[in-house]
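Right after this note come the structures.
Presented sequentially are two complexes of chain A, the first with chain B as partner and the second with chain C.
For the complex of A and B:
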């Protein structure tokens, strides 16, 4: 454990500098990119016809901070990051941090169970399928997951809504809740979580299956068989943890991109999550919201990458020895 | 391991059954609630002042002073009478004395003065008020007077869109434009807002116990907000909502037959004010040449557009642009599909294919290569128009951008042709009769501002300087004649607006401006099967 600890400290010192540099570059791009888009944040605030004098327009620009030089805006942006003051959104009429937090909790409710379920189902079923790939049930499962993975999530969403909500009336059409009770929220989240889980599981399944097929040809598997271990024990006690490494990276990145939301699912199920927030902010050129969302996503993704690095070194002794 | 997997799957199936049983809904009891399905569009927050989409919905609880009747004429809603001075600089509005806020406080002219001044100082799209309002004061006979610093004849129309706010509540709010309230909002209409819950996709209105006017039969109105039109269509067919509303939009024509077949729906089917049009960048050749625009008008197959885009719910428009339902409509020559005539016009005007490469040249000898600037909502329509123009041996491409970019490029005149639409409000804005879209002195989201012809600008100024109905009728006809003779834009069709509703409701009375979403409509609604 002490050697693992030393290795973790060593990896942190070396990588943290790299990650900090990446953060700086991405945060700067985060400032530049929204402003590089054509269009104007003021447009959507002024409506179909505006009869404003030049002086009034300038006053509005000044209130939104759009009349300042870009270098000044850039410095203000960094000051905001340091103070964790992400500014105010005139399109959503809220402080950006409150807006993101209110959307974030629902996105977490939607995506965390999806990622976890998708990871568990995908890895276990993928491992079983890779271990006995010629078995008929496993072949059928492969085709099923391939079909799911090939289908756009919004298409699956409409199909499920049509069957479960429209035809059978079992689940609601929209929103995160109606009455606000736990059961009510579960009913509203069930179908979107099902779709997101199926989608994640299908990807994890494919990768895990391929990974197990490669691993089971290795010598240590033959040795385990020679020792007298039975089929499933070889799979889950030896092969699994070697085969799971690629899936682990993807699952960690899923958590990293968690707060980018699931735009298409949010649209189909009429949910106000992070996906629709970013999309609407993009369309209305809401710079503070775009900056705030991308900032948080950047931190999450970089953090997830760091955690994966550490996990790899814990799970795989080869990575520790190389370090 | 497999046993564990089996039990996990069994648990999951039991979970599905548990969660899906006994779907939880809000119980309405004996209360009659009208459930309206709508799409989210630009609705972003619970701020009546800051969110223009919410402000539109909030007119049930916080009505504007004026409204538009079925005939498209502006009349008082909260105002029992109003007058203006001869030079249109002094406007006096006499408030109905029988109005009460939903907390029991009487509505006063001070509320009107306060509201108008608040809009002028705080709301971006209403800042123009501050620029023209010299003074406002409360007068006798429950009236409020607005003195302007220049003549302005459209104040009554503008006052049909701003929500009246209670001074005794809003004067205490420190930052009104940033103020959001997801609970009870005090209103003076027949309904007040009980809650705004965007996570549940619901805005709930409850009957105002202090409303002294005509009593509605419905006790509450629920506005159910969907992010997706197809899901809304499913919910409507299932009966989760009673009707459909989306500003300036018909229910999707392709879904009407399904609803008809259920036998549960009746339909409002009326000519619509808003229309889609092909606009020209009059600052660039050849669009600035009338011959070119005339030729384009003959190359469009209007019947096909109506068949493919409207499924037959429309008619071929006139050269005068404005649809029949517009007040002071004048019959002008209809637009005609005649590609041979179009080609002849181009040849006579000098647009020929002299080098035989299949592309006509402009008057400078360059190949005619144009692009149509559109947002994605008009893609199919633009593809059809492009194909018609290609029949004229004009190379046409499509430039599809998001709305914000579209506005930016349009305002900088970085386009050749556009396809866009007018809205009902837009048809009345500025000097009325769609002039707001063309007058080069105006700007805004969908406004082309391409016409700087002194004749047209003078006409707009004449309209803006008078409230005399007889003179206005003459000007309205002159505007339509101008459109017919100059074709600054070509209406692609005049469409009908079709709104389905559950048969248990009757007495619908939409107005041209907001369709079914107007107070008089909800007061007139009757419930057939209680």
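For the complex of A and C:
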């Protein structure tokens, strides 16, 4: 017998509408920025590293529609977005969209495992620590996570890079090429993922710990104990599910912040991802690439929030029923 | 209980120490941070933390950096907290359409990838210290607004607010003298955490070279140490000292914020 398990995924229409509105406003902001900023809009749209003749510049100016009214430019901008056209980078001599797509996988390879590991580690350790918050090992753990919480991830990156790669030679010192074997890639990813996981875990840990401290005073916990359940099974069967909800919200809200952290960690470990791309684009003032990255990151952030909303509705049936 | 107060005190002492260093930077520094000595010097009696690539005394840079990092952190957090407080109060107190609109705006702001946006702004506007502070402040108010809103929703239903209303007090009076004092315990720790985030962000942005070179900040120092070969030449005192300062300061301020929260929790129970 096959049984089809079907989760009724529920996201309120209002939420979808807000996401779409956010997308619309942020994309519009991206249109306004190069035109509102000081300097020649042409330079702001092309970046500062193009070498073209005056005639070619004039041609480009009319091709980009800069001599047309703003409403026309705005419509053209949206037409470009729909065609996934984010402009051309004169520094990299490539279309911005293909440039970003080729770099994105390394950022995701760093970010996705870190977020998952950080969520698992942070919630389990945080739950244990909140459950017995006066035990000495748990206190030590809280101090350690507080320290990680307080440090910029890229600085941790510098320290670990120095100790493990430079001093002890356990890990490669420089970034890697696309052609490496799986083991090679894993070896390069280990330290950055370790740092980002610890950073993500520290944020989840704090919330989960506080959440368990509040939940464990509630009546259903007393009932579970009266029913004869023992400590850890109360924690993991009953409290965990309730206490994890604020963490889930945090994971969604934190996505953008962690992503930014990952961008800086990439630079330290010379990984060929979006962080390094932004860094290179920044050095040559390649505005189209910077703006393209901004848009793609926006889409990633909104996507992550959607995924968390779906997860939330699966874990907490109350969200579905409310309608 | 004893442990909690010691934590609190430790945080307070450290924060006070950093603030004092920032205020009296001119008096404490052994040299001017812009004066040039022999470059790449090791720590010595004359230069406790050595000198950097262009011969500036690193200890003096560090002390002046306290000022820059503190101004950005506190300034940005002050703007963000004030905005969040206003929006959260209005949203929670007036409810209805005001709430719908303000929370809608908050949700949209939450979706903006803040660091990438600030990178773009700073790139267009030829990196300045104040732009980073203002941008951080105007982008980081969202979570404060949410927390203040939910607390206001709770407080506005309490009896003393109802009686103030019956006595015919104006909204402004009720907001200022009944609701605001009760919101304060949530806002203070939130402010501390915002200072922490703002300082980490500033340090990261300066690391990209977006900081103001004329105003030495800790992030900028790490940036120079990293790109001018401090790491490869094993000059750990160069990049480690500003990093440790960032961690120590953020740590103490987070400590203060969390101990405040724990204290409040135990009071409620």
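The rule we apply is simple: the second predicted complex is superposed on the first by the 239 of 323 C-alpha atoms of A that agree within 3 Å, B and C clash if a C-alpha of one lies under 4 Å from a C-alpha of the other, contacts with A are read in each partner's own complex, and residues count from 1 in each chain.
Here is the rule we use: a residue touches a chain if its C-beta (ideal position, glycine included) is under 8 Å from a C-beta of that chain, and two chains touch if they have at least 3 such contacts.
Just so it is clear, the model here is predicted, and its values are computed rather than measured.
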With both complexes superposed on chain A, which partner does A:294 reach: first (chain B), second (chain C), both or neither? second
Based on the superposed arrangement, let me know which partner A:284 touches: chain B (first), chain C (second), both, or neither? first
Touched partner set for A:25, first chain B, second chain C, both or neither: second
Can A:150 be said to touch chain B (first), chain C (second), both, or neither? second
Touching A:88 in the superposition: chain B (first), chain C (second), both, neither? first
Identify the partner contact of A:158: answer first if only chain B is touched, second if only chain C is, both if each is, neither if none is. both
Have a look at where A:172 lands relative to chain B and chain C in the superposition and call it first, second, both or neither. first
Could you look at A:37 and tell me whether it touches chain B, chain C, both or neither (first, second, both, neither)? both
Examine A:260 and indicate which partner it touches, taking first as chain B and second as chain C; both and neither are also allowed. second
Which chain A residues lie in the overlap of the chain B contact set and the chain C contact set? 37-39, 44, 158, 161-162, 166, 267-268, 282-283, 285
If we count contacts the way the header does, which residues on chain C are in touch with chain A in the complex? 104, 107-108, 110-117, 119-121, 123-125, 143, 196-197, 200-201, 203-204, 207-210, 219, 222, 226, 231-232, 236, 239-240, 243, 246-247, 250-251, 254-255, 258, 261, 265, 269
Inside the complex, what are the residues of chain B that reach chain A? 1-2, 5, 16, 19-20, 22-26, 40, 42, 44-47, 50-52, 124-125, 127-128, 130-131, 177-178, 180, 198-202, 224-228, 230-231, 234-235, 237-238, 240, 401-405, 407-409, 423, 425-426, 429-430, 436, 442-447
Any idea which chain A residues touch chain B in the complex? 37-40, 42-53, 56, 59-60, 88, 90-94, 106, 124, 128, 158, 161-162, 164-166, 169-181, 183-184, 186-187, 190, 232, 235-236, 266-272, 276, 280, 282-285
Could you pull out which chain A residues touch chain C in their complex? 18-19, 21-23, 25-26, 33-34, 37-39, 44, 146-147, 149-152, 154-155, 158-159, 161-162, 166, 206, 210, 213-214, 217, 253, 256-257, 259-261, 263-264, 267-268, 278-279, 282-283, 285, 287, 290-291, 293-294, 297-298, 301-302, 305
